[in-house]
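In the two complexes below, subunit A is the common chain; its partner is subunit B in one and subunit C in the other.
== the complex of A and B ==
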């Protein structure tokens, strides 16, 4: 088992290396002029394209470009982000906590809703509740994230005036910038407590409601559907019939016996779910004006900011590879029959 | 479930309670992202919109006026008779945000910092081109002058000369008197000094934090440097009514500077936030979480903003943006195997290189451009008409010049006269280009195509979208026969339009091989009228040029979207100055 984990962990750097080659390679498909044009912020600067090309070595080939970047990375420096106008590492330090805060606040509701509703649908198979939940799940799964997000912004925030957008109310943002609020973790919910500013924690929580809800809507539907079918599978199995036959209460049968086994396919879903969640976060951060990694990367992609894109892809690659490894380990925990050699 | 609903309702009520920003706070949500807060580096609206409030120049705009300048860090100035020396008397008792007093040394340092660094993607050329005579940084100029194979000694010699020019460009006569020495007389020098690049920087503070030392010792290290990696990129060293508190990428927070020489402003706190999504900005405006937001077009203003309560749309038919958009004609198209002129002959499958040198053709094309449709359809009736290639609010603009509107009968008449009737008989084929993604220019191109082709079946026009960089390259190579393009002002002097558009050496006119000695003579003469008392005469000359341009028609000016400002209705003191990056200074606004 330990052997397996070490082997898998050693693959991660290789995956990251290949990812970085792909990104640098893809950039080379565009002409130096096109890439240089992405550097300019006003039309007048287009007169200086040649100088920009020379300054950033945009007319060099793939190998030189890659070496230039790799040299920086080996010095512990991921380059300068044109999008955030500061070194990439400084931005990651600021934006990773924001995205993490959002992801975590959505994660628990996503899992609970998915599992709970999936179980509910399975135990009421073909009943009215099941039908309704299935329709809701299909809608949730097929709705584009930006539609859900814009609807929440326009109706709940704009129309009803509930919650709010952005990480904090503007007045608090100004207040914190001028005062001596120390960003220990970069997550306002936790920093609020650490600084003895519960109003900040509360305000940050309020502002997490809408973006997290959007994430829950678009991600938990998938889990619910997997949970439902896997639960139905389990409920049809012999051990469940036996349990029922020996007179165990239905609740015990469903929640103690069948559900535990039904969770295995759901854990497998963790990888793709994380993918959907990251995709969702990119759009949601943009629309809810929640400046995190996703919003940063989306702008970088539009403006061909290679350093930023590389950093984002590598970070996501690292997270995905780690999560997949954790999923494999989780199998063993949930199902003792599984062994890795 | 009930409990959840209660919680939701409680959160909601709390949310409603905090709507509307405090009365001493100004919150502005913009679509763009600030690029740099270093005055030398900042060259886009988002950056300069901040810089113009935390830094100051010697003179500044008097609210919405483009021709009246207000003494700011200087109290008066005089120009030498030869027009080569501008001497400014500095305001005494001005303090930087650091507490340091402002003196001539700071003014000198700030201007020389432009001339030393001259980043290619900045506006520093605005000063270089008049003070040292160089529009690019020293190394680029050295390579241009000496070629790629120059020896180190040759380059060093060139750099020494360059440095001497920088040194001579600005001198301190005493602690409160500064002189700028121009390479040649320039009528727009005062206007150039209002550009944020000329903002006065706290030299002691900057040097202490690792910026250029202000001496020859390290100037070479700073040539062409990207200032986004140095201290002033994110820190403020200004004298302005606001001081920077924090810029974290998305949010700029500033607060009123209590030691401001002009008295502390009414609005005490400012938050400028970059919000990419227009829908998000609009909802924040509706809720009162923002005092001002960026909106992209009149279509959105009409469809969404006007219905909102508590919101004000500021607009005025008299406002015009600081730009001009025209369709250019090329009088002598260049380039081997030019794909835009077909066969290159007047044989029905192409055009000769000097096709548009015939005034009849230029007029015929002008009558095929449906300016009313641009005004009404593209801008929903909110446009600015242009009679000449100069913004209507700028001095020297003549509103009485007629505008050629769509008239296919007249167009036909001129097409029949063109090239002694040969154009009508043989027909022609040419390509109109525009930069891909620009719907306005695409519409203009399609409009001309449809109308011209409807007149005679032998007239054929193709439309080709090009990448921005390729488009400009083709225009600079003088290879485009007819193309729509815009020009935005660099500084607030009408010469910044008249010269590029109408002088044979102007940066735009030379791309179309337009050369008319009458125009050149007048424009050159106007450039010698540098004294304040000569300005009325200068502006009369520009009006005359506008009238001449109506007859000669080197280009067709067409309408632009007219500007608007969207705020909450309790914001007061809003005005529109097209040369300010964000239309007004924060110090002039307040809340009811």
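== the complex of A and C ==
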């Protein structure tokens, strides 16, 4: 088992290597001038484009450029982000907590909703509730994230005036910038508690409601469907019949016996679910004016800010590979019958 | 009585099969098919439906005058009707504009769904956007299948280290959220419908390559392949005549049902500003026109609801149609049920 984990962990750098090869390779489609733009920080430098190209060997072949890029990255220098006008690593450090906060606030409702509705659908198999939930799941699955986000902004925020967009109200942001508020984690909900400013926590929570709801709507349908089919599998097994035969109440059979085992396949959904969440977060952050990594990357894509995009993809690759490894480990922990060689 | 009549049992047609019956009795499947028929009608009849509001460039390329267009394009007996329906000039995909005002205009008799910011006719965009959606979906599926056949075919046919390398590549591309990768590719390739489609295809192929590889391995182990091999069939003939036709069926079906997901990615890219050229009839882009009129513009909430409502409904319904159909087909094909 340990062997397996080590081997898998060693594959993560390989994944990042291949990803960077693909993207740096595709960047060769751009002209040297376009690539030089990544190094420009002020208008004056545009006149020195040729010198920049020469200095960073931007007109040379792929291998030379990849080596140069890799050398810098191995020294911890991921380049300069043209969008945020500072080194990429500095921006990631600033914006990662915002996106994490959003992801975490959506994660719990997504999992709970998915499991609860999946169980309901399975116990009412082919009944009215099951049919309704099935349609709801297909609709949820069919709605593009940006459509859901826009509907929420227009109807709930615009129409009803509820909740809010952005991370915090501007007045509060100015207040925090001038006062002595220590950003321990960068997540306003937690920092608010740590600093004894519950008003900040509350304001941040209120503004998380809409973006998190958008994520819940688009992501939880997938979990629900997996939960339903795995629950149906378990309910058809012999031990469930035995439990019923010895006279256990139906609630105990469903919730204590079948559901615990049915949860195992749901763990494998963590990877795809996170992928869907990340894709959703990019769009949601943009629409809700939520200054996180996704919004940063979406703006970078429009401006061809390659340093930012490359760093973003590598970060996502790292997160996804790590989560997939954790899922495999979790699998063994919850189900001792599974063994890896 | 001839010999054939006695020996051959009556062949079962596809529409008599149990699978098709199960599909036909599924109300969700019927709903999906109806939605798609609706959009297909919009798409095919787009020139006729919008004959009275076509842009100048489109009319020029159709060689029609403005008044002439309405009568000719709505007459199924005319040649121009069929030409415009099946091969309209590119310029017709650009939404005609009525003025350049940044402020949207409410629905009126002439513009039943209103004018978006920039004077774009929303009705025209919705109708021609249906064409764009089908176009994107079908073409991307085509490119995806080409990549999947190449990669999955090589991996399944030759096995060994090549299989190993290709499948690791599949794993890596598959592990990155498709929108993120498509966004980066689209950014590098630049704006334009064709470029966006390539970007999406480059992200969507892995799952089908893997599926095809699995099917090929299964087919390869069958006796008739060994028999074909034994009589000296060449590798290429073996692959294209025997292995591929027997392993690609389900891959083609499942990939084409993915059009919904492809249209989601495409419209999201367009919304982000990485799609077709500005003014192209594309639902995602039409929502991005609406960006600044969504939340409480000028203290009048929902005043400009029409700018985002119609295109977003169009996308949602179109994808829903594909997913309802896909769900039913997967159910019907599932050997367990």
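Everything below uses one rule, namely that the second predicted complex is superposed on the first by the 313 of 341 C-alpha atoms of A that agree within 3 Å, B and C clash if a C-alpha of one lies under 4 Å from a C-alpha of the other, contacts with A are read in each partner's own complex, and residues count from 1 in each chain.
One rule holds for everything that comes next: contacts are C-beta pairs under 8 Å (C-beta built on N, C-alpha and C of every residue); 3 or more make two chains touch, one makes a residue touch a chain.
Everything numeric in this text was worked out from a predicted model, so none of it was measured.
Peer 1: Is A:33 touching anything from subunit B or subunit C once the two structures are fitted on A? First, second, both or neither.
Peer 2: After superposing on A, A:33 lies in contact with subunit B but is clear of subunit C.
Peer 1: After lining up the shared chain so the two structures overlap, which partner does A:180 touch, if you call subunit B first and subunit C second: first, second, both or neither?
Peer 2: neither
Peer 1: Can A:55 be said to touch subunit B (first), subunit C (second), both, or neither?
Peer 2: It touches subunit B, and subunit C stays clear.
Peer 1: Let me test your reading of the model: by the given contact rule, A:154 touches which partner, first (subunit B), second (subunit C), both or neither?
Peer 2: Both: A:154 reaches subunit B and subunit C.
Peer 1: Considering only the touch criterion stated at the top, classify A:23 as touching first (subunit B), second (subunit C), both, or neither.
Peer 2: second
Peer 1: In the superposed arrangement, which partner chain does A:3 touch: subunit B (first), subunit C (second), both, or neither?
Peer 2: neither
Peer 1: Does the superposition put A:279 against subunit B (first), subunit C (second), both, or neither?
Peer 2: It touches subunit C, and subunit B stays clear.
Peer 1: Shared contact residues on subunit A for subunit B and subunit C?
Peer 2: Looking at subunit A, the two contact sets intersect at 150, 153-154, 157-158, 161, 165, 286-287.
Peer 1: Note which residues of subunit C are touching subunit A in the complex, please.
Peer 2: 28, 168-169, 172, 175-181, 183-189, 260, 264, 267-268, 271-274, 284, 287, 290, 294-296, 301-302, 305, 308, 312, 315-316, 319-320, 322-324, 327
Peer 1: Within their complex, state which residues of subunit A touch subunit B.
Peer 2: 33-34, 36-37, 39-49, 51-52, 55, 80, 83-86, 91, 94, 150, 153-154, 157-158, 160-166, 169-171, 173-174, 177-178, 206, 209, 286-289, 291, 295, 299
Peer 1: What part of subunit A is in contact with subunit C in the complex they form?
Peer 2: Counting only subunit A, the residues touching subunit C are 15, 18-19, 23, 26-27, 29-30, 134-135, 138-139, 141-147, 150-151, 153-155, 157-159, 161, 165, 271, 275-276, 278-279, 282-283, 286-287, 297-298, 300-302, 304, 306, 309-310, 312-313, 316-317, 320-321, 324.
Peer 1: Inside the complex, what are the residues of subunit B that reach subunit A?
Peer 2: So the residues of subunit B touching subunit A come out as 8, 11-12, 14-16, 18-19, 21-22, 25, 27, 33-36, 43-47, 120-121, 123, 136, 140, 224, 226, 228-229, 233-234, 245-246, 248-251, 253, 255, 269, 271, 273, 275-277, 279-280, 282-284, 286-287, 289-290, 467-470, 472-473, 486, 488, 490.
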